[in-house]
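Heads up, the thing below is written out as structure tokens.
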């Protein structure tokens, strides 16, 4: 999994039928300081994440191991909203504080 | 998933039998401004996408989770045609407008 | 999938038993002009491709979705021999013409 | 698999239900000298690894082949704690010695 | 698949139970001239490869398609020991000759 910030959304009407009703989020990867780094991707939302939130996403076949994405042509899923993380005992990110 | 522009097609007569009838599209990846960035690949079309359209594609085993690609040796599929996307509340792409 | 040129072969006698009889091809990836670009890899041949031919290959679990590679420890397969491709309406490669 | 050092942890309350009770570790990849190199990722802990330990992690669908991660949306798992490794007959890392 | 040289081994006592008895090899990738290039990784040995040998390895779920690695959290496997390879009709590597 990797850390990312939800920065946007994609609208696509004409799509594989099994994708109906899913929400496509644009993710900007962030490094361990929470700074944007490493490119963007599109992931399906499994946890009602909103724009601006820091999330964890899983890729590949693991992107289909959620109730919403099972058996869908989906190779990336937001499967958790991050509360906080720490590195070497130091809190590097905490939701709700300025970052 | 990632955003890409359909830029071409590949013809291949001699191929694994299960691929018969599928259409191979050449995709040029685009960044969040819709600008070509990050290389090209070949994907099977699951949604009747045409050259010039902006699409979403899925890779890996997720590339086989469509009606057309199920159980085929296909590691990338166009599974949606993009209408629009926005980043930080700003529309970055809208189909049918100059871009 | 990606475009590549078959540039060689690998011989390996001591191997997992299920790989017996398969042919290992060395592939040099090519860009949309047919020019070598992006490194090489080894793939199993599913379509009787020969050295010098331009092919499509699939990777990951999709590399096992052919009759020859099913359930084998094979993560890349040549699943089509390319006749031609075009980009933006221009033919960039056609088999049998000088390139 | 790759070698990495466990450098931190991630807390995420709102997540796919199947992830309940799993521990998310932040891994910093290391090279064959044990030096940080090559970026970080988040992996689920399958072996009670602690911060500061050198571990092996597996990615992709192989990240789900442990008792704790089976069928979860998890694309990376710590599946072993490293005691030592050697390259060309020389011990490059041994747990419990200064490194 | 890719070509690599076996350069070392990893010892890990505390690990997922299904990995008991498997041998972890450190692989240094090599290019088509047999020269080290492109980083290292850890793979499970399926064919009794020894340090110093040139091998083929498969990654991802294909890393689990051997008798020894089936259903294990293993994302890379050495599935063949290379005897020789040639590129454009020229032998680039032959086991047992100086290289």
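The letters A, B, C, D and E name the chains in turn, as written, and every chain counts its residues from 1.
As a convention for this text, contacts are C-beta pairs under 8 Å (C-beta built on N, C-alpha and C of every residue); 3 or more make two chains touch, one makes a residue touch a chain.
Only a predicted model underlies this, so the values are computations on that prediction, with no experimental measurement involved.
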{"item": "Third chains touching both chain C and chain A", "value": "B"}
{"item": "Cα superposition angle of chain B on its copy chain E, in degrees to the nearest 5", "value": "145"}
{"item": "Distance from the mean Cα position of chain D to that of chain C, given in whole angstrom", "value": "33"}
{"item": "Chain centre separation (chain D, chain E; CA means) in Å", "value": "21"}
{"item": "Touching two or more other chains - residues of chain A", "value": "60-61, 63-64"}
{"item": "Ring walk, chain C to chain E and onward", "value": "C, E, D, A, B"}
{"item": "Partner chain A, residues of chain D touching it in the complex", "value": "7-19, 24, 26, 39-44, 51, 59-61, 63-64, 71-76"}
{"item": "Interfacial residue positions of chain D with respect to chain E in the complex", "value": "1-3, 31-32, 38, 46-48, 56, 58-67, 69, 77, 79-89, 92"}
